[in-house]
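Input: a single structure, listed below in structure tokens.
Labels run A, B, C, D, E and F following the written order; every chain starts at residue 1.
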Amino acid sequence: MRPSGRDLSEMRPVSIETGFTKHAEGSCLIKMGDTHVLCTATIEDRVPPFIKGSGLGWVTAEYGMLPRATNTRMRREAASGKQGGRTVEIQRLIGRALRAGVDRVALGERQITVDCDVIQADGGTRCASITGGWVALRLAVNKLMKAGDVISDPLVDPVAAVSCGIYAGQPVLDLDYPEDSEAGVDGNFIMTGSGKLIEVQMSAEGSVFNRAQLDQLLGLAEKGVGELVAAQMAATA
Amino acid sequence: MRPSGRDLSEMRPVSIETGFTKHAEGSCLIKMGDTHVLCTATIEDRVPPFIKGSGLGWVTAEYGMLPRATNTRMRREAASGKQGGRTVEIQRLIGRALRAGVDRVALGERQITVDCDVIQADGGTRCASITGGWVALRLAVNKLMKAGDVISDPLVDPVAAVSCGIYAGQPVLDLDYPEDSEAGVDGNFIMTGSGKLIEVQMSAEGSVFNRAQLDQLLGLAEKGVGELVAAQMAATA
Amino acid sequence: MRPSGRDLSEMRPVSIETGFTKHAEGSCLIKMGDTHVLCTATIEDRVPPFIKGSGLGWVTAEYGMLPRATNTRMRREAASGKQGGRTVEIQRLIGRALRAGVDRVALGERQITVDCDVIQADGGTRCASITGGWVALRLAVNKLMKAGDVISDPLVDPVAAVSCGIYAGQPVLDLDYPEDSEAGVDGNFIMTGSGKLIEVQMSAEGSVFNRAQLDQLLGLAEKGVGELVAAQMAATA
Amino acid sequence: MRPSGRDLSEMRPVSIETGFTKHAEGSCLIKMGDTHVLCTATIEDRVPPFIKGSGLGWVTAEYGMLPRATNTRMRREAASGKQGGRTVEIQRLIGRALRAGVDRVALGERQITVDCDVIQADGGTRCASITGGWVALRLAVNKLMKAGDVISDPLVDPVAAVSCGIYAGQPVLDLDYPEDSEAGVDGNFIMTGSGKLIEVQMSAEGSVFNRAQLDQLLGLAEKGVGELVAAQMAATA
Amino acid sequence: MRPSGRDLSEMRPVSIETGFTKHAEGSCLIKMGDTHVLCTATIEDRVPPFIKGSGLGWVTAEYGMLPRATNTRMRREAASGKQGGRTVEIQRLIGRALRAGVDRVALGERQITVDCDVIQADGGTRCASITGGWVALRLAVNKLMKAGDVISDPLVDPVAAVSCGIYAGQPVLDLDYPEDSEAGVDGNFIMTGSGKLIEVQMSAEGSVFNRAQLDQLLGLAEKGVGELVAAQMAATA
Amino acid sequence: MRPSGRDLSEMRPVSIETGFTKHAEGSCLIKMGDTHVLCTATIEDRVPPFIKGSGLGWVTAEYGMLPRATNTRMRREAASGKQGGRTVEIQRLIGRALRAGVDRVALGERQITVDCDVIQADGGTRCASITGGWVALRLAVNKLMKAGDVISDPLVDPVAAVSCGIYAGQPVLDLDYPEDSEAGVDGNFIMTGSGKLIEVQMSAEGSVFNRAQLDQLLGLAEKGVGELVAAQMAATA
């Protein structure tokens, strides 16, 4: 029933290639099917003004899409002079999600910026960004711990995200672009490795849903995030 | 236990004053406690390029906060040269929410822009904007129907929104600013008059939550939205 | 002869509701007929760089119009990415006018920002902004004096403004929008409570005027400002 | 008494060199003492959207200052990414002033843009821009008439402007920078060759003025504009 | 003598992986040592306004760097609101270079946009962009020809570019970042497959050079471009 | 053969009028035929952050064109909200060129900004800017040396620039606009008074060139720069 022939609860193949670029303190190229996102983590000694002197660390994220990551070329945001609403919304989401898994006291007064740049898009770029972004963050924090700059591990629980939705009347896991553009209801579940919820964003466009359906989608999400966390562990072992 | 002395499932007093400004096709000043939002609806004969010639209508929203709506003055977005990420995120949410209650075929090829401007803020401005925005939309559509420009009512179901969260370990309804700034978990539920879900946005900042808690919050939201829809009906009767 | 039926030297009804918003140090909603402007005054301990360390205070103003304050919706300036020329011109005028009534030594090294946001427009928004802005300023300064932060009253003389113009060949006082859009000559007189001139801006569009007419308009302005100052006194008594 | 040794009613030497640049349809370099402004007039066959098809012409102006026109270098507006409030205010004034002397029916549906670029500043740049701008406009219109594109002269009356102010307690004509920066009251009078008023902008900074003083300043302005119009006539004879 | 141990006239290893992304009409990942650039070519049926209706085609380029392509993180240009001077300069160069190898009549009235995004930088990113950009262009044009949309091959001669400079007093070929940051003289030679010059940009920073040295650098460039063209041929065979 | 009737190696008449504006530390109006550029040099005690505390000086440049410097009016860059790519490219070139002739240790920790504003354009504005910019720089440095603020002359060698190109198949010197717009190959040579090369920018648009031609153009450039340096010496003697 799904365009890709996948089962309702079947994820696309996931691969995470760490160390994809040499300069960043942590980096990976995550592929969820045909969605490819390059994630890098940069450590800096400064923090935003609102926590200066607090001893707390900060994790933030930026998101971008290469102009031809999509089927038709999108205008380059640097050329149009601002980040679009969708970009801003996504990068705020990524930052919030990653911070939920961080002990900011243990991190100490420094900032880690996770850049997620979509090389190729086929649906689910924000979930791939969060999942791959956590891997880049993990690698960067490992460097800090190895150097003795951070003593107690600030990454208290892995963070991963997966999309779910109602496609052709059926709850499905990990929507690709053809599904995403048809689904009446879809959204993202961001969870921890221990199965806790960090963020639920479920939204209907030209449709509605009910509590029973929300529950079914939650079940699918738990399965999907479990697989993603396993991939994160394997990549950073 | 709540700073305001309210019960866990008690809303703030809601008032909706319609016709607050004379130029707009629909307008109201909605007050949810000390949160006051002016909502206006503007009808225009043009639609965005991507639906030109489709016969479909469009509903969109813009959101703003007066500089001194808050406790300390915020920089005017017109002066800083762009709408901040929070503003963009909120106005996209309002537009999406309102469209979910609209039969775009019945509306016909025209656009209604709902402007939500926060006069005074005390938490929950996006929910007040959606709830008040729907009232402005209702009044504008009434005008179209009265003039015979629209025959069949395009507003298929009222749309309202309420915030819920976990404050001091307890699920509470309709957070005000003192609660909002302390809550580890909070979010918004957007629902229809008939009790269907349109959007769920539940997010933890420095915390996590589980399925049971999500369920409790859903229950509170159903109660709150019920009361808001009643207020909408009373205001537009 | 006037569209509203007013006499040539008759003002629109003026009302000033103080304390319209709870957060600002001073606030009012001023109505001059159908022109409604929300004015708030914010006290901050910082001053602009060019007077840092001088011991002098500063009063500045910002002006905005809600998108649907007017008959047809105007584009939101925050969305278009900059304040238009008209906005910039008006807010510079308001700031200059208010400073003319302030003893900046007595104010001490602090800044008061007066925000004037037009909720509904029907001509004369800049004059209403100055007149209402002074009320907000007065209330904020009262707070400083009550707290003992300022000893000698820095508001040496009330400041108010009124528009005049030549409409259908006749000098008229306090133009509303239908008059304003037809008048060949119009402008604003900003004066003090004691009858001194602060600023005269009289301008012809597609017309000219002579010294005798300027003199007649000055006479009308004196009458109008007198009434506005009385309203300011009543509101802040 | 004046820093320059001039009499109270004495203008600075005025010179107008026409044809300063070869590309523009009309151009001049106007010098009012040490204030030097290059004015060019450009004829284009298009008009702004709001008068398309009306048969009416349009005259507009832009104003700029070279970065080192002033005593200390100002940031280039093109580099800072926007025109400052002062620039916007001035160019709107110049456009309004010039249009007051134009019969827009006679001009026909075309636009003339007058660019005023300050090469060197010593006070009074907006007045020099208006006075020199009219000369550029005159020369451009002459070209249109010579070519038979315009039959009846659209320039019904010359337009010129001069500043006046109260310096050291005395009304003075044509303020230079040292006077301008000290004057408690100053402003600009824009008049026609036949002695009619187009715009009066008189403003007090940290001071006030009365009707008698405004009258004295008007007298000075009439004298000054008379001399400027004579210079305009000589330059375009 | 070179930090990398290369001979003076030795290029870094070059690899070109075509088809790196699936959506673009042509794409490759070019690696010149540790400099990695993703190049995509997008065909669109529209052309810029200035050649509309001329029957001529257009080739243009855009350039970007991922924030952490470099040793320290650079601010994302989309976030800072504009493309920096270096970016603008480079993308104009790439476009000009590629157009020099195109028969715009044969291409027909369509536009090909070549996006060059630097994934990892180690010097010579503009040369890699031109060389890889030509490969993407070649692949896109192949598609047009295969589809019969273009009959005669518009790519008249391959285009490639290499940097040269004087490092530690010696002329060297293909500078990497450590050399580039130390070289007193460096620049880029853009040439065709048949050995003609398209663009020479040689520049001294804190140094000068003479005709004999320019001649030596030209000799090195001819060698380098020869090798690059061979790699282009191999990748697109 | 040339539109102007000049010989292939004949420059346009050059004139340099120093002291063109009174405020700048150094200024001149340079005319190369009908290309007129006003150059001013401003000395400031601050330096860019990246050399703060290094003891080194900095020379930078900005470039602009008055809107009607050209045959048809160009949009004012301050109004369009950013400097175009061409402007940015040119001002970076001017700054680089001038720095090549400066001993930054001798200059001391201060910045000199050279503004080049094109009053009238007829081809070769960037070369005129560099040549005239050096004169303004020379005059400003003279002031520093006279005042004893700088002891040893930081201007080690004059810097001048000239354009060359292949017009109608012939190498020609100092292209004017009619030639520039037709030339298949053209570029700029920036050289020192002692005949050394600082920058070579030779570029083909819709054409190619070879080493022999590059050599011929270099010969022409040497002749042209020699004449320009003589004019610089005469102007600053």
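Just so we're on the same page, a contact is a pair of C-beta atoms (placed from the backbone, for glycine too) under 8 Å apart; a residue touches a chain by one contact, two chains touch by 3 or more.
Just so it is clear, the model here is predicted, and its values are computed rather than measured.
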Note to self: Starting from the defined contact criterion, work out which chains touch chain A and chain F both, please.
What the structure shows: E
Check: How big is the gap, in whole Å, between where the Cα atoms of chain C centre and where those of chain E centre?
Finding: 59
Next item on the list: Go ahead and note the Å separation of the Cα centroids belonging to chain B and chain E.
Entry: 51
Next item on the list: Provide the list of chain B residues touching at least two other chains, using ranges where the numbers run on.
Entry: 81-82
Check: In what order do you meet the chains if you trace the ring from chain A in the direction of chain B?
Finding: A, B, C, D, F, E
Next item on the list: Spell out the part of chain A that touches chain E in their complex, as residue ranges.
Entry: 21-24, 27, 34, 36, 38, 40, 42, 44, 62, 64, 66-71, 73, 76-79, 81-83, 87, 113, 115, 117, 119-121
Note to self: Applying the document's contact rule, which stretches of chain F touch chain E when the two form their complex?
What the structure shows: 82, 85-86, 88-89, 91-92, 96, 99-100, 104, 157, 187, 192, 196-211, 214-215, 218
